[in-house]
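Data block below; observations after.
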Amino acid sequence: GCSSTGGKRAEDRAKRLAANGSAVNTPHWTFAMVTHSGAGDTFWDIVQSGAKQAAAKDNIKFVYSNSDQADQQAQLVQAAIDSHVDGLIVTLAKPDAMKDVVGRAEKAGIPVITINSGSEQSKSFGALAHIGQDETVAGKAVGDELTRRGRKHALCVLHEQGNVGHEQRCAGAKSAFSGRMDDLYVNGTNMPDVQSALEAKLQADPSIDAVVTLGAPFAATAAKAKQQAGSHAEIDTFDLNAQVAASLKDGTIGFAVDQQPYLQGYEAVDLLWLYRYNGDMLGGGQPVLTGPQIVTKDDAAALLSYTQRGTR
Amino acid sequence: MTALTADVEPTAAQSLARRLLRRPELGAVAGAAAVFVFFSVVADPFLRAASLGTVLYASSTIGIMAVPVALLMIGGEFDLSAGVMVTSSALVSSMFSYQMTANTWVGVGVSLLVTLALGAFNGILLVRTKLPSFIITLGTFLMLSGLNLGLTKLISGTVSTKHIGDMQGFPTCRDLFASHWTIGSVDLQVTILWWLGLVVVATWVLLRTRAGNWIFAAGGNPEAARAVGVPVARTKVGLYTAVAFCAWISGQHLLFSFDVVQSGEGVGNEFLYIIAAVIGGCLMTGGYGSAVGSAVGAFIFGVTSKGIVYAQWNPDWFTFFLGAMLLLATLLNTFVRRRAEAGR
Amino acid sequence: MTALTADVEPTAAQSLARRLLRRPELGAVAGAAAVFVFFSVVADPFLRAASLGTVLYASSTIGIMAVPVALLMIGGEFDLSAGVMVTSSALVSSMFSYQMTANTWVGVGVSLLVTLALGAFNGILLVRTKLPSFIITLGTFLMLSGLNLGLTKLISGTVSTKHIGDMQGFPTCRDLFASHWTIGSVDLQVTILWWLGLVVVATWVLLRTRAGNWIFAAGGNPEAARAVGVPVARTKVGLYTAVAFCAWISGQHLLFSFDVVQSGEGVGNEFLYIIAAVIGGCLMTGGYGSAVGSAVGAFIFGVTSKGIVYAQWNPDWFTFFLGAMLLLATLLNTFVRRRAEAGR
Amino acid sequence: MTAQDQNTPEEPQGPLVALSGVSKAYGNVLALRDVSLDVHAGEVTCVLGDNGAGKSTLIKIIAGVHPHDSGTYTVAGTPVRHASPREALDHGIATVHQDLAVVPLMPVWRNFFLGSEPVKGRGPLRRLDVATMRATTRTALLRFGIDLRDVDQPIGTLSGGERQCVAIARAVHFGAQVLVLDEPTAALGVRQSGMVLRYVAAARDAGLGVVLITHNPHHAYLVGDRFVLLKRGAMAGSHLKKDITLDALTRQMSGGSELDELTHELSRTPAATGPVAATDPETTA
Amino acid sequence: MTAQDQNTPEEPQGPLVALSGVSKAYGNVLALRDVSLDVHAGEVTCVLGDNGAGKSTLIKIIAGVHPHDSGTYTVAGTPVRHASPREALDHGIATVHQDLAVVPLMPVWRNFFLGSEPVKGRGPLRRLDVATMRATTRTALLRFGIDLRDVDQPIGTLSGGERQCVAIARAVHFGAQVLVLDEPTAALGVRQSGMVLRYVAAARDAGLGVVLITHNPHHAYLVGDRFVLLKRGAMAGSHLKKDITLDALTRQMSGGSELDELTHELSRTPAATGPVAATDPETTA
């Protein structure tokens, strides 16, 4: 039985666009990106697709690796150095753990660009530039927006216990928010558990009028839980994906905070290429910020197509 | 010899009581009751009707998988790939429907076949190589989680599947796997029915069929079982297939309740299933346990993990409380069971 | 009866060869060699001297814990709390030094005491309650990870500890736990020395002391061991304390090499240790295995996980490759061992 | 017995089970070398030998637990090579192993019927016939003088002898064409031993072929028709009952002169006691 | 023996181990009820009884595996209640259990010395005296006629009887003041049984107290000085050797009339064979 609605065919029909190809004749350099992401995270998926896009354009071999454990991430950077890559892109979510190894890259003559987190340490560690925005800053933007919307009691949903980035997002939001904000830990790899934990929390405390999820996939689940629990809280989220864009459009989600992960990946690779090719560098020693950008119903329509192709 | 103390046949009531006392799940029931009462006291919202629905839902999503995992454990084996297999099943279903633009029922069917094949693969690898199941299923766990991510990105271009909520067949699939209905003020999910159904079937199989006898024997003393002609290898493959079948149910629930599936999900859940089975009285070494016990174990886990939320304890300490409650429940469980054994 | 085929005493060389063939780690060595050769061929950077340092370092961080975990497994028990205990140990050390503004050596000492107490707690709870170690250490695993987060947030205000790099004693502590030195172009971490030292000590204990005999017996047949007067309970508590001791070493390495410790880390590592021990030939059911095997297992894991990175394979498939390589290595391992057993 | 006396020498139908020139090695331990043995319907073949002589190994080959390395193994004339006990069972060979093939945590009645559970009902309602299973177990054990009030207790809680009785009662109950018993009477008391021998005799009379391993030459001589002696893995002799006396058998089993020496020594040590000298033959039983 | 003949009736030094009125229940299974037993230095106390009579349970109480529920248990006059086998060992009570207390995956020599490993060297260099351990194991087993080329093989690969021999050799080797043997000869061949009885006699002559459980009245009568009969958990009799004959003992063990019936039946079934009638007493052995 074929479906006459939706599906792959619809998608194919929709995108009969674009072909691409590399436009430069620089050598086939290898750039490595090592992040603190867990496996299969949407945010980092978009970072990667930005980086790959730039790599294709710049005739770069792009290799990616990640580990959410500080010592493992450091080892992965070391492995990249051992492989004599031509450029290195790292995140500094756990800066102290990375200090040594970034120094070693420097010593080995490998240019380093830091992305996402670590704007304060980037320069002192010897990186050429920092592209991205601190989680704390993004958190503050959420706190401000919640205050602006007149929320009194918000819930910050952490889907990975002990994740530094998550803690920073919640802490940032808490510091800027004028109301009360609670934390809730859920098991991010178990969607039904996320839903039932949220239901339980909303049932336990009906005064909650805003739920902030830290990753786009959890926003939809929060919306379900809210409905089940009969709560009237507004659902807001960090990051974007197609579902969030659609939910923004139909009003299920109040707002999302975007820090343009695509840009972080794309710009990092492109900058490294520019540096090798032309000695260029952006930012003049200051971090290049990619966000935060508050996205609401008004922007949703435009974003929908971008999120569907995985670039926002 | 055994009849020294009472040479008269016990009355029916006495013997029922004695039989109940000997059931492996007795201790777990005591543990569940204790945890339930505890949270009823410390958490006000816990006793509301609506909360019951939430707790039961949380228990059922673990319980559906805990049933076959308990059977497998009785049969003497583990399955570390059970958690990600749920996700694999959901991914296959979703991606097949989407990529082929097929009715979602087709995807559901294909997913069933693929998932059963995965389970059989685990089982066959186990009996062929004679490696410990921990190693085999750890290998398939890693491989499956790699496949989940790799294939999803290859096919969908992102780490999650595409929207299939607008496709034909979705509403009926959802009815089967992810509907819910309201009784009074309690909102009950269909997974609870699946769960209870599985417990009943598994109990029947364990206690009243040849296969059940073979499962106990395969776990209790595989050499002895083989020597009297029990097809131990076939039994174990069958158990892995049963795990796969339930993974398929859970996977379809995941898909049709959330529409989009994240490829990284499911990791770590295999331990929740094992925890539920062990709390419910299954022996890690095989040969002893029950399906009802696994259900009680899942319920203890559901009550505890949600009870802590209802009680609004400091969330930083969540896992601390969880660990402490589990330990206490299991201790009580064992204490009651030993008492019962000594006293019968 | 056994001397039917050859009534003459074997020569020394023959008997050495036979003894080598019978070692539990033989198969693992074959697996390690295969994996090593494989990655030398497919990954150019793998054979560079610098890479060797990285691979050895990665192996050593797992290997240090795999040694006591292997001993524990030979003794018939698990420790699921081993991963987070490493983090706990580091956190205690760091927070004590910082909060008391004490010399870091004081923190290191306090951490040793606390960690040993945690290990002893595991062991005593195990032998007192007679619950399966899976349940006990799962409980302490959850409790410890809650404590790690809860206490760190309570004391430091964030999820990571404060900077202690500028405190007295730090440089000498770093020398002991986290220094590295360069031989030629290979950068070797001090953890490699710790690892080798632990393997040697553990092998000595296992094969040449009474305690070693007791460990094998406690895992192989605790009833029999108890009946001949082996202090099984004491042996098990000792094993858990040994795990704690190595967790302390690993924890101090973590602290003094990164200066700051994240409270959420370590979760999941316990399985890496168990994997290393099992690949190295330890039986999950206890009574069989070796410390050298665990080291080879850790090495296989280190080579595989870093080899995949050096080979620059698609990272989405990382875990797939990891799982496949582990399965293959273990299969080869078992194949070789069975061959050796049949042929001796 | 009278019936066999006639056909034993000629073997008109040929043996049910025949091993010839069978060898088996565990690694480089040669546990069996060139052993031959026939089992005929309505006859008891006894296998005798010292500890470690290879008796259990022989049984395991017949039962399909291990395949043999060389030689031939025929069942009713057809060469076989059993890959699993199931195959041997399908050929009608039921075995009671020395290391007690029971599942300790399972109730007695489930153990009794393990692998051959009776079912009733049909389709999805096909289920174990629990009432029959319990009742049969109870009565089968009662016949051995074991009165279990509670056939639901885990078999692991029975005494060593009781466990052995369950295993034997099971094999007898399902006894197909060939019944193989590895030292069935070793752990048994006087009453139970007698019971087992009675079963063996009954099975033989019912036309089954029986292989009986025992250390007790009296037991062996009482019910056996053929005697195969193993020594350090090799055949040390094969006799029909009519060709050998109990005394000769006892002597052969324990290695002739070695035995004498021992009997001598043992009877010397507790010097003054009367009965020892009088019961010399039993000393070695 | 001559020495005992004098002091058995008076017991000047009192028993090494004495149980009086001991009971033990597993759940609601009363395995032992009101059993008394004395073990004297230089004497062998035999415990006899049917399967499930409670013999192993009695042994387990003496060995400290289970504590007794009621009654008194004294060692050299002091009441004790052993919480673990270690305590019993420390009181000089060494036991060989029926369910073979060996660790299957451990080499033979490690099993032999398990729990009593000899060490050499001092301080951190204190280590097992491996050479001695191997050599001792080898010779101790050789004495049982078991010639293991390779004491390094896992004990699980030995035959049932060989394993039993290791356990016995071990207990004898470390035999403290009281040696407790639970059906040691059950799985043994003629030669090995003789060997064990010789050890028992030697131990007795060396002044140890021995508790011997066996189903073989001949074995019991050969070395025993006192006989305790158990029946369904209770004492059915306690005799000194001088008060009972082998025949009476055999008869008591198997429950008198029941035995007669059985002997009758068994000898009837294989009707025409001569030797059966001739060996009637052995039928029950």
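By written order: A, B, C, D and E. Residues from 1 in each chain.
In this text, a contact is a pair of C-beta atoms (placed from the backbone, for glycine too) under 8 Å apart; a residue touches a chain by one contact, two chains touch by 3 or more.
Just so you know, these numbers come straight off a predicted model, no measurement behind them.
K.L.:
Count the smallest number of chain-to-chain hops linking subunit A with subunit B, moving only between touching chains.
P.N.:
1
K.L.:
Among all chains, whose Cα centre is located farthest from the one for subunit D?
P.N.:
Max centre-to-centre separation from subunit D belongs to A.
K.L.:
Please name the chain that ends up farthest from subunit E once chain centres are defined by their CA atoms averaged.
P.N.:
Most distant chain from subunit E: A.
K.L.:
Counting only C-beta pairs in contact, which pair of chains has the most of them?
P.N.:
The chain pair sharing the largest number of C-beta contacts is D-E.
K.L.:
Round to the nearest whole Å and give the separation of the Cα centres of subunit B and subunit C.
P.N.:
Computed value for the inter-centroid distance: 31 Å.
K.L.:
How big is the gap, in whole Å, between where the Cα atoms of subunit A centre and where those of subunit D centre?
P.N.:
Here subunit A and subunit D have centroids separated by 72 Å.
K.L.:
Averaging only over C-alpha atoms, locate the centres of subunit A and subunit C and give their separation in whole Å.
P.N.:
Each chain's C-alpha centroid was found; their separation is 34 Å.
K.L.:
How many angstrom lie between the centres of subunit B and subunit E, each centre taken as the mean Cα position?
P.N.:
48
K.L.:
Could you tell me which residues belong to subunit D and also touch two or more other chains?
P.N.:
Where subunit D meets two or more other chains at a single residue, that happens at 29, 52-53, 146, 153.
K.L.:
What parts of subunit A, by residue number, touch at least two of the other chains?
P.N.:
Only 39, 161 qualify.
K.L.:
Listing for subunit C: what residues touch at least two other chains?
P.N.:
1-2, 6, 145, 149, 283, 318-319
K.L.:
Mind pulling up the subunit A residues that touch subunit C in the complex?
P.N.:
Contact set of subunit A toward subunit C: 30, 39, 61, 63-66, 69-71, 74-76, 78-84, 94, 96-97, 99-100, 160-164, 167, 171.
K.L.:
Which residues, counting only subunit D, touch subunit E once they are in their complex?
P.N.:
On the subunit D side, the touching residues are 1-2, 5, 26, 29, 49-53, 55-56, 98-99, 145-146, 153, 157-162, 164-165, 183, 186-195, 197-198, 201-202, 205, 215-219, 221-223, 241, 245-246, 250, 253-255, 258-259, 262-263, 265-266, 269-273, 275-276, 279, 282-285.
K.L.:
Please give the residue numbers of subunit D that touch subunit B in the complex, ascending.
P.N.:
63, 65, 84-86, 89-90, 95, 97, 100-106, 110, 113-117, 119, 126-128, 130, 146-150, 152-153, 170
K.L.:
How about subunit C: which of its residues touch subunit B in the complex?
P.N.:
129-132, 134-136, 138-147, 149-150, 153-154, 268, 271, 274-275, 278-279, 283-285, 314, 316-324, 326-327, 330-331, 334
K.L.:
Please output the residues of subunit B touching subunit A within their complex, sorted ascending.
P.N.:
43, 45, 48, 50-51, 54-55, 57-58, 61, 83, 97-106, 145, 148-149, 153, 157-160, 162-169, 180, 187, 191, 253-254, 257-260, 262-269, 272, 302, 305-306, 309-312, 315-316, 318-319
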